[in-house]
Every structure is written in structure tokens, then in C-alpha cells.
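In what follows, a structure is listed as C-alpha cells, so that the remarks can point back to it.
All chains are identified by letter, namely A, B, C and D, in their written order; residue positions are counted from 1 within each chain.
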Amino acid sequence: MVSFENDYITGAHPEILKKLSQTNLEQLPGYGTDRYCESAKEKIKTACGCENAEIEFLTGGTQTNEVIISTILKDYEGVIAASTGHINTHEAGAIEYTGHKVIELPHKEGKLSSDTLRTYLEDFYADRSHEHMVIPGMVYLSYPTEYGTLYSKKELEEIAEICHEYKMTLYMDGARLGYGLMSRCSDMTLKDIARICDVFYIGGTKVGALCGEAVVFTRGNRPAHLVNSLKKRGALLAKGRLTGIQFDTLFTDDLYFKISAQAIDMAEKMKEIFTRKGFKFYLDSPTNQQFIILENNYMEELQQKVRFSFWEKADDTHSVARFATCWSTTEEDLKELEKILD
Amino acid sequence: MVSFENDYITGAHPEILKKLSQTNLEQLPGYGTDRYCESAKEKIKTACGCENAEIEFLTGGTQTNEVIISTILKDYEGVIAASTGHINTHEAGAIEYTGHKVIELPHKEGKLSSDTLRTYLEDFYADRSHEHMVIPGMVYLSYPTEYGTLYSKKELEEIAEICHEYKMTLYMDGARLGYGLMSRCSDMTLKDIARICDVFYIGGTKVGALCGEAVVFTRGNRPAHLVNSLKKRGALLAKGRLTGIQFDTLFTDDLYFKISAQAIDMAEKMKEIFTRKGFKFYLDSPTNQQFIILENNYMEELQQKVRFSFWEKADDTHSVARFATCWSTTEEDLKELEKILD
Amino acid sequence: MVSFENDYITGAHPEILKKLSQTNLEQLPGYGTDRYCESAKEKIKTACGCENAEIEFLTGGTQTNEVIISTILKDYEGVIAASTGHINTHEAGAIEYTGHKVIELPHKEGKLSSDTLRTYLEDFYADRSHEHMVIPGMVYLSYPTEYGTLYSKKELEEIAEICHEYKMTLYMDGARLGYGLMSRCSDMTLKDIARICDVFYIGGTKVGALCGEAVVFTRGNRPAHLVNSLKKRGALLAKGRLTGIQFDTLFTDDLYFKISAQAIDMAEKMKEIFTRKGFKFYLDSPTNQQFIILENNYMEELQQKVRFSFWEKADDTHSVARFATCWSTTEEDLKELEKILD
Amino acid sequence: MVSFENDYITGAHPEILKKLSQTNLEQLPGYGTDRYCESAKEKIKTACGCENAEIEFLTGGTQTNEVIISTILKDYEGVIAASTGHINTHEAGAIEYTGHKVIELPHKEGKLSSDTLRTYLEDFYADRSHEHMVIPGMVYLSYPTEYGTLYSKKELEEIAEICHEYKMTLYMDGARLGYGLMSRCSDMTLKDIARICDVFYIGGTKVGALCGEAVVFTRGNRPAHLVNSLKKRGALLAKGRLTGIQFDTLFTDDLYFKISAQAIDMAEKMKEIFTRKGFKFYLDSPTNQQFIILENNYMEELQQKVRFSFWEKADDTHSVARFATCWSTTEEDLKELEKILD
């Protein structure tokens, strides 16, 4: 059965598997100190236009959020997120597990607005009892968001300005960063992201890797003794080569961007199919995830023919369903979808 | 300057100090194993009409919430609270510090409605991705709430029913329990509370003690090896007598209820004063905390003459101020307030 | 039955109770911001000869250790302690609860030697795998130790030197500090302690208070936003006056030192009694805790007549018993002990 | 430069890479629910002779220890380990990070003896102050140990008996389980391990996989809602196929055991080389890790020619060096080593 369930339904881009095979018997040191990790880091720095960036490889998105947030926040701080933020909804309490509160603010289509943020901060500091409250130390954003939407460069810069004014770290979850940057609606490049954010990660798991996320610290703000902190959290891979080789491949000849662009092409075509067939979109997503409103009985019927995700309740008789493309989505997959929707 | 800043502005009820002095040189075992702790526990069980209750003494409200919630919740669970709940706003992230999420739901005048709760739970269990979400394991309520309001017996019973249906613990924060029960609007007794809740605490700090809260487990649900868990959290008092003697005194001759009733009398009189003077109430609180809307400039002026708490912003030019009575509030205090408000 | 079970068998020094009564109805602000806390802090700074010291009041020893260690250590650090250190043995894992390892080193009569410490550190830093190890960030000492023994000024200075060389904080647990300083074998004053240690606490619970410990940060090293961190750990007392008034009393007219000296006098007399009666000491303790080796059957018999603590197994037929004096021990108590031992 | 630095210097066994390639474009559900995970679990259950076993895949050894120990221990419990246990030395405090103490006991050549264990437990429960102590809830063992040594079946059974007597979980760290079981000195099979232990893991990272460990719960003791707990700890791999496919391959046609046996052959030959050349062994290891005592200057010289690990200081002029073989070690590697040692 064809699947649009998510963007991690297939293995790795073939170039990655090829490189893993070619290097397989090379005897390399462990824990991310091998030459492929080094090479991948150099390529990422160049792609970010930030030669002073510090890069760290982790294996998954929740792990990355947990490690970065808990090593950057101070004891008394929490992290601000839109109520729909992944860390607030679908990480099973991973941030709280590290002892820090997720301070949830209202969202608009998955985005946190600079107005909402500023009002919250002004009220917080006007309230004299903030010694009894969690002090906001970081803003967490997703690009694209959990609803596939995108911040404009202006929106992101406004949020960054507030962060710096209030001495908070701006952290971007880039689990699907490629799909965001390659969207026809994006007005940002990877270099913009690196310039505006204090720390962010470039998602690999959802963009062609078997596993792996590349964290980029852009301000000399890599936490001291980070390797110890990774080890302490069970997040240090013995065969660091596994993530190093994958990112080295993804950042060779712009592979990361090319396969992201391909997935966006497929998403645009999928949008056209849904539009043509008269389906209603929950919102207008310019990236690889599309949210369609389905009548509940029809949804169950459809689930017998194609894989997709139930996203959330729309009303008592309708649900929001998510259909995602990814680097491996083919024209054939779309044709099959079109046939099924007939 | 007369103070209505909160309900912990004075020391202890004189009877408590007297008893502390009388027993001072008695050589007693430590850690809550002395005869005054035993006696206090027996009196509380009787007052609760629950001979199988298990009682534990702690020193403060946040500590109590933290200990109870973290020892009862399972690893994968979180605690539901109204967004205005003390654990969600004014405990500096104490629950998250123990690794558990506070799942915030909307409130009405500080109260969580059974409808809101049920809808949340139905949606939660309808969503198939709950393996990636925090599982609700407990409901946290305050009686009275942070806004001084009260649940009716019927409201509490409905919530309890939902809790049992979904196998969640119902926990009541009774930091100001006496003031709630003695309110003229309360339709519950301590015995009702003990019958309906799975665990709750009887607040001492805000009701006449120097410090101390009495946790009541009503269902044989005291966590195993709780003393070790208390010690581990730095919450085991060496001189357990300090809380034992205080609660023994508070539960002798209904002292706890008498001094609570006295504070409610004072609160009713304070309400009359504010009403008479034409002040506007933020909401109708039937307990010892009154919330008054003040124009900002006037509020600053008033703060030069009487102590009270800024509660929150009302609008751009007005604030909500809290005036609290307590067991030690006198008619003289009220007269002085009245004079100041002229 | 007369008790030498520990040094917290009685309530508070009568002067403390008197002061609590005198100030009882004074309306004071909460959370340690009242004038008695301020006054107590000033007196402690003077007694420490350290006008820049920062003081914080907590309620118990384990709580204090947990708060101080976890707010000072960095994410990747642990705390070194003698294997017999209170944090390693009798705090039910309180330090580990905060996410930090207690790095245990061998002891001699409860003391950590500077040689042991230096060898450990040299080996640690010679081992290239320390990215996979807990980095030592603090040294924890008790004065007096859990066996009643004392560091000499020279010993303490040597340890301090190593700490500074290796950029570690030197932290002293002074649960029984008064009894240590007033020992006839001590060559240190409170001023010496304040000069040599980076942070330490002056124990109140075991030296005449109902509860309360005064933490002294001597190097401008009070953690930022400590009040938030206290609240987060359930360690912020609403009626801060309770600890403030007690320490204000203890540091008025040298009361703390006088009652400590009195306990030491009683301990010396107790030692003479045990010696006269031919008992064998487990080690030579110059402070208020005495460790006596008792044959097991005799110990059980004795426990019917006088209260003391089982300390540890000596061999298959003998145990170590602890007899403690405190500020409230009287000549009559000792006479009764002598009679019992006959 | 030829490397015996550790047993994770190369990638994956070629059969694994082949299988990853073959299945690469198959569209599979995430989070370990795919058919390869299912198949791998069935094969492992059969190999363990335990059809009721429950299997879970994780990515690394420290992560596995952290997850298993923290989800099985109760709040008030700690885990017993030999002082040389990996969790006590080289996991940067990962267990403490979860709030639990590692209770270290003395070792003999890396092993915990049943006598040491029993004595500790008897003393612990004889001490009446264990409400202030960490209660032992689990025993952690490594097979082979960190020094390459092995427990005999009898030794393991004795420890298991004590565990059950004291209601503790017996947990075995099998990071190198294959090398242990295939040792010529082992008197146990995988079925024995599964019969004797309550939970253990079969290491993949060090035995031919790119990453991955398979946890086996043998007594219906898989923690409830374990997937939520994994997610909460950042330990749930989106593309669960990555570990599923690897273990499915390793447990097809006994590949896991064959490649382990091959590494043991190489280790035996390496031992012979060292013996022939007159080197002194630190201890007699029957598995894939060999510990050689080297004079410090010679060690530095040797490090220019072959890669191996510094293990620990032997004395002021000598060190212990570790040379490891693994599934990918070849006769050519050994020949090169022999030449270098000339």
C-alpha cells in the first residue's frame, strides 16, 4: 500500500548507503572524532556561511531538542514554545524530563508571533512575583512548523530581536529544515537561518538519512564539555561515523537541498491532486506536509487504500489528515494516490 | 503599616507557641516518629472520618505538591491542572523539576470544569499518537482556588468520577483548605473532601502554623517507602515534632476550623468595606482572598499606606490587587483599612 | 528514658522560643525578606569576618546539601566526598536525585586526606577517557565529620589549595559546625572556615534551633536567581521569619558558640564516664558524638534503659553505638547515664 | 595504521549493509513497528529459548543502561554495581542523571562476587537507618566484564538467587555478549542467560552492527508504556527499521555467534603473539579484550605504530593497555601487530 504517512517511511538516500559501504572497513576512531565527521562539519559550516559555527551530530529530533535545551538553559529557566510546538505536544514530556518547563504561548497556524511573545515578556517582567515563576531563557521555533507553515525572514528577525533584548537564546528545530528552505514560499537561505538563530539543527532523519541531526551553534555558544553531557544523556554514538558519513554525503554537491526540492515538487503536485479532486485543506501549507479535512467515515475507508496520518479532530464528524511527501516520493506514488482518490 | 499582603504575614497561633514551649525539653525521637506526630495523625483521621487514612507532614505547599505528584505519578505520566493552578504558575517549575509535565487546561475563575476535563481526555485517547504524548495520570485542583473560588460538592464529585473512569488520581491542594471549608458558600466538610479525593493536603502555613502541611492519603495509596522518597527530596524534617505539635494543636478542640471561620468573618467584613467604598471586584470570591480592580496610579498611592499584593494586569491602566485576611486579622486591621480607603 | 540518641532530641533553645513569641504578631513580608532575616544575615557576616558574604536560610541539612550542590555544579560535574560522607550514605540518594554523581573516595576516620584527593585528580586527568567520566567540580567535607573527627587548619588549607588548583568549589557541611569549632581540639574559628571554604553552612537544627541552616557563600558565588531555584526545589519557606528569627537569636551574644561549648563540656564528661567504666571507643572523637563498641547482647540490654543510636557493625558479635550530647544535655542526664552503665 | 583500539572501529558486517540496501525503498511504518523489527524479535526470542520474552531495540549501550535502569527502579531504589562497572565509571553519570544512585561494591577482576553482595545486603538490612539510605533494587553485571572476564554459570545463578531473595532485578549488560558466549571459557549459552537474568541486552554496536542493542525482558517485566518512556528519554528511533533490519540479519543463520566466534579466534591468536613476545598480561581475559602491561615510554613509542587504548595506570612507570579484536579483525591485522611488536 502506497504511503504518505510521514517523511521517514523509507531508508536512506542511495548515495548515503553507497558511501557507508565504501568506507565500511576503514578503521576509524569512535565518538564522532573520525575524519568523516570532520569533513561533514566543514561542509556544513561552509553551507551556513559561518566559519566559526560549532557542529554536533545527534541521532534523532527529540533527543536533539532535549540535549540542546537542557544544556543551554540555566537551572531556573524554561523554554517558550507555541502550544503546538513539537516539544510541547509529541515528545512525551522529554523537556520536562530534564527538569525544565515548556512555557506554552498561543499559536497562529503553528507559528508564534512576535506580538504574542513581546506581550508575554512584558507582562512577565511587570509581575513582581517572578521569583516564584519560571524565567524564560529560550525561544523554541520549528521551521517549518508542525503545520508545515513558514516564518518569513522579517518575522524571524523580529523574534530574534526580542530574544536578544531579553537575553534569551533563539533555537530553531529544523527537523524538516530542507523542506522549509526549498519551499517556493521561503524567503530564507541556510545562511539566513545561521545568521539569525543562536542554535538550530539541520534534520537528517526526515530528509534522506537513516538517522541523524546536525546541531549548529552559531555564536561560540556550544556548551562546555558537551561530549560529557551527551554521554550522560545516552546520546553519544560509539560509531560516530554513522552520522558523519551521512551528513558528509548530504552536504556534498548540495544533495540535501536537491532532494528537499524534489520532495517539495512532489508536494506541490500532491496539492494539485487534492485541489482538483475538491478536497478541503485545513490550512495552506507551502512545504512537504499537507493537511486535508476528511469526513470520518470516508477517512476510515481511505485508510484501507493508502497510508497517511490522523492529525487531529476537526469537528465531531471530521478529522484533519496529514499526507507527507519526502525525498523518496515518486511520480508513481502520486499517480497511485490520484487513482485512489477517484 | 497594616498588611493584607497574604495569609502568612504573622507567626503562629498563640496556642501553638504555647504547646511548643511546654514540650520543648521533652526528649523525642526524630523524623516524625514522636508521639505528637502520632497524636496529630489520629486527630486528623478522626476529623476526616477516615480511620484508614495515612497522614504525612511536610513543611510547605510547593514541597508538598512536588513530593506527592512525583511519588504518585508513573514515569510516563503528567498531571492535569487549570492553567491558573499554583503548580503551573507560581512554583518556579517545581513539578517539571521532578521530570513530569503539567498539562494545562483552560479555567473558569480558577476552576477546572468537568466538561473541559472530559473533552480533553476523549480527544487524547482518540488520538492514536498518544505513545508520543504525556499520559494524564492525575488531576490537580486547589480548594479554594488561586482566585479564592470554590468547587461545589457536585462539581468535585463529577471530576472524581472522571478521574476514576480514566484511572487517574484526584489530588487536592488544600493550602487554604480551612478558609475554603469555613466559607459561607462551601457545601462541603472535611469528611466530604476525604471521601471524594484520593489524596489532599490540609494547609498549615497559611492557617495558623509557622510551617507545615498535612498530607492525607485516603485510599491506602501512600507510596511505598515514602520516608526514603522524602529524604531523597530534602523534605524530611529532623525535628518532626515541629509539624506534629502544630497539627496536634490545630486539631485539638477544632482550633483549625475556628480560626479559619474567624478569618472568613474578617474577609466578609472587608468585602463590605470595599463594596461600601465603591470598589470593583475582579470576581466574587467567597473565601479569605479578595481581588479588587485598581487604577494603576491609585494602586501605587495606596501601596504607600497599606500592604497588599499586585495580582495581575487587568488592562493597560488597571491592575488586579489581592487583599487577604487570615487567622490573625483583627477588627482594628479592618478599621485601619477603612480609614485608608477614605 | 534519658536519650543520647542524637543532637536533635529536644526543641529549641529557650531564647529562640522567647523571640518567636515576642515577634509573633508582627506583620512581616514572606520568603526571607523580613527584617529578622536581614538582621541575622548581618550578624552572621560579622561573625564570619566576611562582609561580602551572601547568606541564605534553609530548613534542613539534606535539603541544604541538595540545593547547594545542584545549583553550583555544572551539568557535567559531580561532587567528591569521603565514602562515609553524609551525602554518600544517609541522604537516600538526594544528590543523585538532582542528576549528579557523588564520587566517593576512601576515608580515614571520616576524613578525606589531601593525598587521596590529589592522587585521584592526577589519575583522573591523566586518563584520556575523561570525556566519558564525571568531571569533579566540587569537594564536599563535613566539619565535624560523620565520625565526630576534625580537620586541622593545615589539612583544610591543603584541600582548599587543591580545589583552587583544579577549579573545584570547596563546600563544607557544617550541620554540627558549632560542636566542631568549640571542640578543645579545633584549631579553627568561624572566620577561618569562611576564609578557607567557598561555601559552607552553619547548622541550626542540631545546634539549638527547631529547624534551619544558614548557608554562607564567601566568594560572591551565590548562584544567580537562587530564590527561583529554591522555589523550584520546594525549599523556600513562606514564613522566612521562622529561620531568620532563630539565627538572629543564635548569633546574638554568641549564643551559638556558648551552647555549642556547653555540649562539648557534656561530651567530655560523657567520655570520662565511658572511660572510667572501661568501655572501648571506636575512635577518638573530640566533638559531641562518641562512638562506643558494645557487645551485641549487652547493647540490646542497654537499649532498654537509655536511648542511643546503632551506628554500624563492628564485627560479628559487636556493634558501634553512637552517644551524642547537644545544647540541651544536662548534668542530670549524664548522672543517669552513669548509673545505667554501672 | 592498524587498530586494536576497541571493537567499534569498523562499520557493519557486510550482510547488514546488504540487507539495508535491499530493503531501502520499502515504505515502512516508524518507531519500531515495522515487519523487520517483528521478525528480529521473533528470532531473538527463539535464540533465547524464551517465547514470552519481550524485546526492545535501542541505539547504544549507555542509552540502554539508562533507560532500563531508570524505568525498572522505583523512586527510592538504586542499582548495585561492581566499582569497575561501566555505569559507575564510563557513562559520565548517566544513571545519576535519571535520579538514581549507583551503589558501588568492591570487585575482583571486574566481577562482583555473591559473597560481597550478600554481606552488603545483610549489613544493609541490619542497619535500622535504611529509611535514610538508598534501597538496593537491582544488580547490574556485565558479561563479559569491563576487564574481559566471565561469570561462570554457577556464579551467575548464586547472584540471581540472592536477587530474588531480596526482590531485586538482575540486569546484565551484554554490550559484548557475543564475545562472552563464544569464549572458550564460557559455560553458558544465550538460553542460560535468558533463563537466569530478569533483563539483559544483546549488544549490537560492538558485535557487527552500525548501532543497536536488543533488550530482552524475560519475566513479563517490560515496564508499562515503555514507548512513552523511550520517547521521553529521546531514545525512540523514528526509522526503527535501522535496528530491526540489523538484528534480523544478525540473528539469521547464527551470524551473531559466528562473527563473535571469529573475533574470539583472533583474540586467542593475539594472546599467543603477546605471550610469545614476552609481554605481561594485567589479568587473564578469555574474551576479545586483552590487557597488557606496558612500560610508559615504550607505550608512547608503540602508539606511533598501532592504535590501542590506554586503560589505566599500573604503577608510576607502567600502564595497562587494552587491545581488542572484533568481528572485522583479520589475520593481516594480527600479522602487522606481530611485526610491530618485534
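To be clear about the criterion, contacts are C-beta pairs under 8 Å (C-beta built on N, C-alpha and C of every residue); 3 or more make two chains touch, one makes a residue touch a chain.
This one's a predicted model, so the numbers in the text were calculated from it and none came from an experiment.
Participant: Tell me which chain's centre, taken as the mean of its C-alpha atoms, is farthest from subunit B.
Facilitator: Most remote chain from subunit B, centroid-wise, comes out as D.
Participant: Considering A-C alongside A-D, which chain pair is linked by more C-beta pairs in contact?
Facilitator: It is A-D, judged by the count of C-beta pairs in contact.
Participant: Let me have the rounded angstrom distance from the C-alpha centre of subunit A over to the C-alpha centre of subunit B, please.
Facilitator: 41
Participant: Between subunit A and subunit D, what's the gap in Å when you average each chain's C-alpha atoms?
Facilitator: Using C-alpha averages as centres, the distance is 33 Å.
Participant: From the mean C-alpha coordinate of subunit A to that of subunit C, what's the distance rounded to whole Å?
Facilitator: About 49 Å, centre to centre.
Participant: Among the residues of subunit B, pick out those that touch two or more other chains and give their numbers.
Facilitator: Correct list: 76, 91-93, 97, 99, 131-134, 228-229, 231-232.
Participant: Is the way these chains touch best called a line, a ring, a star, complete, or other?
Facilitator: complete
Participant: Touching residues of subunit A toward subunit B in the complex: what are they?
Facilitator: 76, 78, 89-93, 95-102, 104, 123, 126-129, 131-134, 309-310, 312-313
Participant: Can you name the residues of subunit A that touch subunit C in the complex?
Facilitator: My answer: residues 31, 70-71, 74-76, 99, 131-135, 223-225, 227-229, 231-232.
Participant: Please name which positions on subunit A make contact with subunit D in the complex.
Facilitator: Residue list for subunit A touching subunit D: 2-3, 5-6, 8-12, 14, 17, 20-21, 23-30, 59-67, 91-94, 97, 205-206, 210-211, 228-229, 231-239, 241-242, 307, 328.
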